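Each structure below is given as structure tokens.
One chain, chain A, links the two complexes that follow: it is found with chain B in the first and with chain C in the second.
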Partner chain A sequence: MKVNDEVKAGNTISSLHTGFIVLSTQVGVGILGYQRVVAKEAGHDAWISVLMAGIVTHVTVWVILKTLKRYPSADLYGIHQEVYGKHLGAFLSLFYTLYFFLSATVILRGYVEVVQTWVFPNLATWVLTAIILFLAWYTILGGIRVIAGYIFFSVSVAIWLIGDLFFPLRFAEWDYLRPVLEANIGQLLKGMIGMSLSTIGFEVLYAVYPFVQDKERLNRGAQFGVLTTNLIYLFVMIVSLVFFSQGQLMRTIWPTLNLKKMVYFPILERFELVAISIWMIIILPNVIMYIWSGVRGLKRTFGWNMRNILYGILPIIFISSLFLVTREEMNTLNDIYGQIGMYLAYAYPYVLYLLVAWRQGTGGAKEESADVSVPK
Partner chain B sequence: MYRCQNKGWLIGKRGFTLLLVLIFSVTGCANRQIFDETGLVTLVGYDLTKDRQIRATIVMPSINPEAKEKMQIMSDVGETSKGIRDKTNLQSDKRVLAGQLRVALYGNDMAKAGIGSLIDTLYRDPSLSSRIFLCVYEGETYELLTYPYKSQGNIGTYMYRMIDQNIRGEKIPSSTIHEFIRAYYDEGIDSQMPYVSRKGDEIVIKGVALFKGDKYIDWISPNEAFILKLIRGKYKTGSYEISVPAKTFNMTPNSPAGEKEEVQLVFDTINSESKVQLEQVDPPKYKVNIHLKARILELTVPIKLDNPRLMRKMEEALEKELERQARIVMKKLQDLEVDPTGFGIVYKANVRRKEKMAMDEWREKYKKARFEFQVKATVTRNGVMD
Partner chain C sequence: MDREDNRKWFTHTADLVIEHVDRPDGRVQIYFLSSMADSKIVYNELMPKLRLLCLDEAGIEHVEKQLGTAGGNRIFRETDAISRLLSGDIYIHVEGAEYGVTVPSEDTVGRSVQSAEIETVVLGPQLAFVEEIQVNLCILRKYLPSSLLFHERLLVGELIPTEVSILYLDGIADPENVNTIRQRLQDIRAESDMDAGILAQYLADNEMSIFPTLQLTERPDRAVQGLRHGQIVVIAQGSPFVILGPTTFLRFFQSPDDYYLRWNLASFNRVMRIIAMFISLLLTPIYVATLTFHYEMIPADLLLSLAQSRSRVPFPPLWEAIFMELIIELLREAGARLPTKVGQTIGIVGGIVIGQATVQAGFTSNILIIIVALGALSSFIAPSYMISSTIRVIRFPMILLSGLLGAVGIVAGFSFLASHLLRQKSLGRPYMYPVFPVRFSDWKNSLIRAPLSLLPRRLMFFTPKQKMRFDPERGRQKEDID
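And then the complex of A and B:
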């Protein structure tokens, strides 16, 4: 396997599209219920934790791009190969790939659980899982350009859902936000860690990078995506904190949906049902991007055919999501996944950057990983 | 877009189409709820029976053209509210569904015994709205709902509209299920909801019921509720009637009943803002600044209002009266040990603490709290006449 992946000029996406990819992979099922997780630690100062998590995300994305820019057109799997050598590199790539597939499973099952709780209590898990996986499979076969196009569509269709939060603001109790900074730094940090489940998603940059056309402008695009995500999370968190009392928030599993319950129009009384249906458009990019990134990993590492990998991996995701039934199992899985995600998406990029810098600094770099700033 | 001709698609065009058709047809498998076959509950009333069980009475509109009655009322006794719903289902030709529930009524005894779990089940159910209005009735709700009214039509929607328009008109505080749950799980505020009674053929909102935790304690009049909202809240279109000693205007008004000592003034389109400050932590001392603008709508004496001095006197009278009323209401609330205004929230917002304040701790502090009110009133307009 080559460290750098040459992508045909006709199969690339722009840096702005990459920003949309980052945004839509970050915002998924986590935004429906992150308030409780963060507020459990940081109390009514949870919004500060969100802000801190946002800043850390910005820095992490910057480091990820810094790592990637040391190569002309490599992805995570190529870098693994170069830094760790063939066998260890393949092992780590496989691990990361498994994490991508786990993400897709958790998000998919999380959404199906929401639908089962709120809309169709009798719905069998396999029905909706099958439909979403079918759509994901169809989109992934179209290639990265189709995926990017779909994601652009998904963001434009769903972004207005944020506007309906002005309805619950009529019930706002602004005194709930005071006194500012009552939580100590330890609680804020714990709250920040609680955010990680919701903010991860930007690590797909590791897989998308070779496909980006204007790589020198990627930082702007990606940071724009992260910024939008952060603003959305911050806004939703502040609205939740003034809308719910703390005790109530602790008992609410999906606070964002409870916020949407307050929205009503004369011809449409139960807006949350509409929102949950539209949410499928938001979930799909997550599932697509994670599966795509994982499949890319297997293809790059082992040289397998992408279609064949899909035929192998989709049934596995499908079946494993059927085994998750109760709320408790979902909670445990979410916790474990949040932990893994924190290490792989937030901690690992720094380690990898140092390793890459060390490797290239000591002359271990191969020729093909020459300086990047030269456009292709 | 449709690239199935490509080689390498394992299942090919036909297989793909088959899958697509399958997926579209699968969407038809969801539970259908046909309108003609469902009974939409609009109102539910809960009472406590003598052997401490719950009697629930549900009201749903009847859409049978042959039926004489426009609504159907069913009632049953049980231990849990959802258990009763299943029982009432046995009395109905339609599936009883609660998605359109708009008002939940609690009888006097039920409310006194505590309604936390009853409200929790309503809030827990995702098929219910969180804008359901909660309400306390002074007697048995069964008696209220089964009374043969002449002009109210469907009592479920009637009560919903009655509460809704009064909340919109800022006559009573909003009492949605969300607000109850929010106050119930908060350590600095108590819940309140409308208090309803029946006078012959009419249903009346008599005042506002005060809760301590999930237990109904007492009720206050709409005028007292007005003061409460004035203390901590905003008015956009309120209205209020006060009595002022006639001496204020140096005159003795004549009325059909003879000489009167007092003059009544009615203000409306009241626009108010309040600022609550915690001046002292232990014991808590609050300073409440209220600014309000109002229009004078009715006077029981024929005064010419073109005199600015007179207007100022009127404003002063209004200020004094409101301050006096506020002190009386707060005294009453402190004696009842309930805090519907949410002074506890203000306290929490101003005092940094390591651990959370428990409700009992706040009640202790609340008893000792002192309040200072300062009202600044401006009469902006006096109708189309001086």
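And then the complex of A and C:
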């Protein structure tokens, strides 16, 4: 396997679309219920935790791009190969790939759970899972450009949902936010860690990078995506904090959906039912990007055909999502997944950057001249 | 064809006329198909001229001289003579000569140029293409009297090929697109009649999709507008529709009279057509979804009138809706097949009798009738017949999905449509352009129609060689106020 992946000229996406990819992979099922997790630790100062998590995300994305920019057109799997050697590199790539597939499964199952709780209590899990996986499969078959197009469509349809938060703002109690900074730094940090399950998603940059056309402007695009995510999370968090009292917030699993209940139009009530349905368009980019990144990893590491991998992996995701039945199981899985995600998305990029820097500083000159050239 | 076949042809063609110039030796013969050629030319012009020839000098050179035909009409082989006869020419043979000569004389059968009936506009030219390729070429040349209009002629198909013409503006159309079209036309290995509709399916990038990826139009002005933007026109003999490609999804929602009307009216119309598409696709599914699963979404007052309207209906909303939509489709198909005069009665029968009676019989609710009628009306707003039939058919799976999974089903169907459209290509170019890949500068000439002075560019989609239609500075010039 080559460290750098040459991508066909007609198969690239722009840096702005990469920003959309980051945004839509970060925002998913987590935004429906992250408020309780963060507020449990940081209380009414939870918005500061969100802010802090946002800044950490910006820095992490910067480090990821810094790592990738040391290669002209490499992805995570190529870098693994170079840094760890063939076997260990393949093992780590496989591990990361499994993490991607786990993410897809958790998000998929999380959404199905929301639909089952709010809209169709009697709907069999497999029906919706199969539909979503089919849609993901169909989009992935179109290649990265169709995926980018779908994500653009998803963002432009779903971004308007943020507007419904102005309805609950009419009942806002701004006093709920005071006194500011009551929580100590430890609590804020714990809240920040609680955010990680919701803000991960930017690590798909590791897989997308070879496909970006204007790599020198990628930092701007990606940071724009992260910034939009952070603003959305901050806004939703502040609205939740001023709308719910702390006691209410602790008892609510999906505060964002409860906020949407406040929307009222003369011809439409119970807006959250519409929102949950449209949420499928927000979930799909997550599922698509995670599956695509994982499948890309398997292709790059083992040289398999992507179509064939899809036929193998989609049934596995389908069946494993059927095994998660109860709310407790979902919670346990979310906690484990949040932990893994925090290490792989937030901690690992720094380690990898140091390794790459060390490797390129001391590694054999012959290898470097062949593979590692500074992008122009 | 070998000689044997040719002999067979001569004896097995009943409308072949062999006329001898009544000279004593009878060596000069005139061949023509009485069904194709104009026999007046033979008897009133050719024969008197040939009779004047000197008795003993009647060689082929003298015949040529007498008729004033150029050397280009010489025919050396029998097979060529047959093909010229079949296209309506007159063939003159002199015994013992090396070659024969042909005289063009086509007695064309076909309707004369008429006004457009499928794609009508209120303001603008009313002309439409006809079945005869020469007439269509003549119309296009009248619109674009320019040496830039390039014309390539191809024979497409096996065994009995069809004459097909490719037209484009040199220096404006992308040569890559021209190559793609030419290549695909040459690659067609099929024995079938090459009507434009069939040809468009052979040329299409994805034959399986329900969406048309090449435009068919009967309007010369639409074809000319396309040519001027860098599209390529394909005309097939025998078809009154020409193919325009490459094209985009949004082009199907544009009408030539968007440019004849003032920009604000035209923009309003364009936006309305897009909204109409969504109404047509989503209104009935939303009705089915809300009444089957999400009635708690409807405010109490509205729910009351809805419930009253539906109180006598014994079917679930899904069956009710499919039943009504089927009636509309039956009416449409019946109206399209029947002669115009009978068609009007169908409208009355459908509109008044069935509509009124189904409600009174308790088969459907009044509100559903409104919704279905609105959806049907909206689907007919699309200026292209191709896209409006597509939209009408897509409605059925959407209704089915909404009846099975409610709003989630509608979103899933919609999501699938988005993916599907994004995957389509027209001659290798993205179908959803300029929505995706995003090019905001083309939005003002596709989603809306900005004032003409603000549209100096050709649409970038067709990757024209000359990007500008005029200098944008000139569009911005304004006289100072005094």
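Some notes on this structure:
Everything below uses one rule, namely that the second predicted complex is superposed on the first by the 362 of 376 C-alpha atoms of A that agree within 3 Å, B and C clash if a C-alpha of one lies under 4 Å from a C-alpha of the other, contacts with A are read in each partner's own complex, and residues count from 1 in each chain.
One rule holds for everything that comes next: a residue touches a chain if its C-beta (ideal position, glycine included) is under 8 Å from a C-beta of that chain, and two chains touch if they have at least 3 such contacts.
Note that the structure is predicted; figures quoted are calculated from it, not measured.
By the touch criterion stated above, A:S245 is placed in contact with chain B alone, chain C being left untouched. Of the two partner chains placed by superposition, only chain B is touched by A:A130; chain C is not.
In the superposition on chain A, contact of A:M280 is made with chain C only, not with chain B.
Of the two partner chains placed around the shared chain by superposition, chain C is the only one that A:F152 touches, whereas chain B remains out of contact.
By the touch criterion defined above, A:F171 reaches chain B but does not reach chain C. Touch criterion met: A:M262 reaches chain B, while chain C stays clear of it. Of the two partner chains placed by the overlay, neither chain B nor chain C lies in contact with A:T25. By the touch criterion defined above, A:F120 lies against chain B and chain C together after alignment on the C-alpha atoms of chain A.
Of the two partner chains placed by the overlay, chain B and chain C both lie in contact with A:R270. In the three-chain superposition model, chain A touches both chain B and chain C at residues 120, 123, 127, 131, 141-142, 269-270. Chain A contributes residues 117-118, 120, 122-123, 127, 130-131, 134, 141-142, 171, 173, 175-179, 182, 244-248, 250-251, 258, 261-262, 264, 269-270, 307, 311 to its touches with chain B in the complex. Against chain C, in their complex, chain A makes its touches with residues 115, 119-120, 123, 127-128, 131-132, 135, 138-139, 141-142, 145-146, 148-150, 152-153, 266-271, 273-274, 276-278, 280-281, 284.
Residues 3, 8-10, 19, 23, 26-27, 29-31, 99, 126, 129-131, 174, 178-179, 181-187, 189, 342, 345-346, 348-353, 356 of chain B are the ones that touch chain A when the two sit in their complex. Against chain A, the residues of chain C that register as touching in their complex are 293-294, 296-299, 302, 405-408, 410-412, 414-416, 418-420, 422-423, 430, 432, 436-438.
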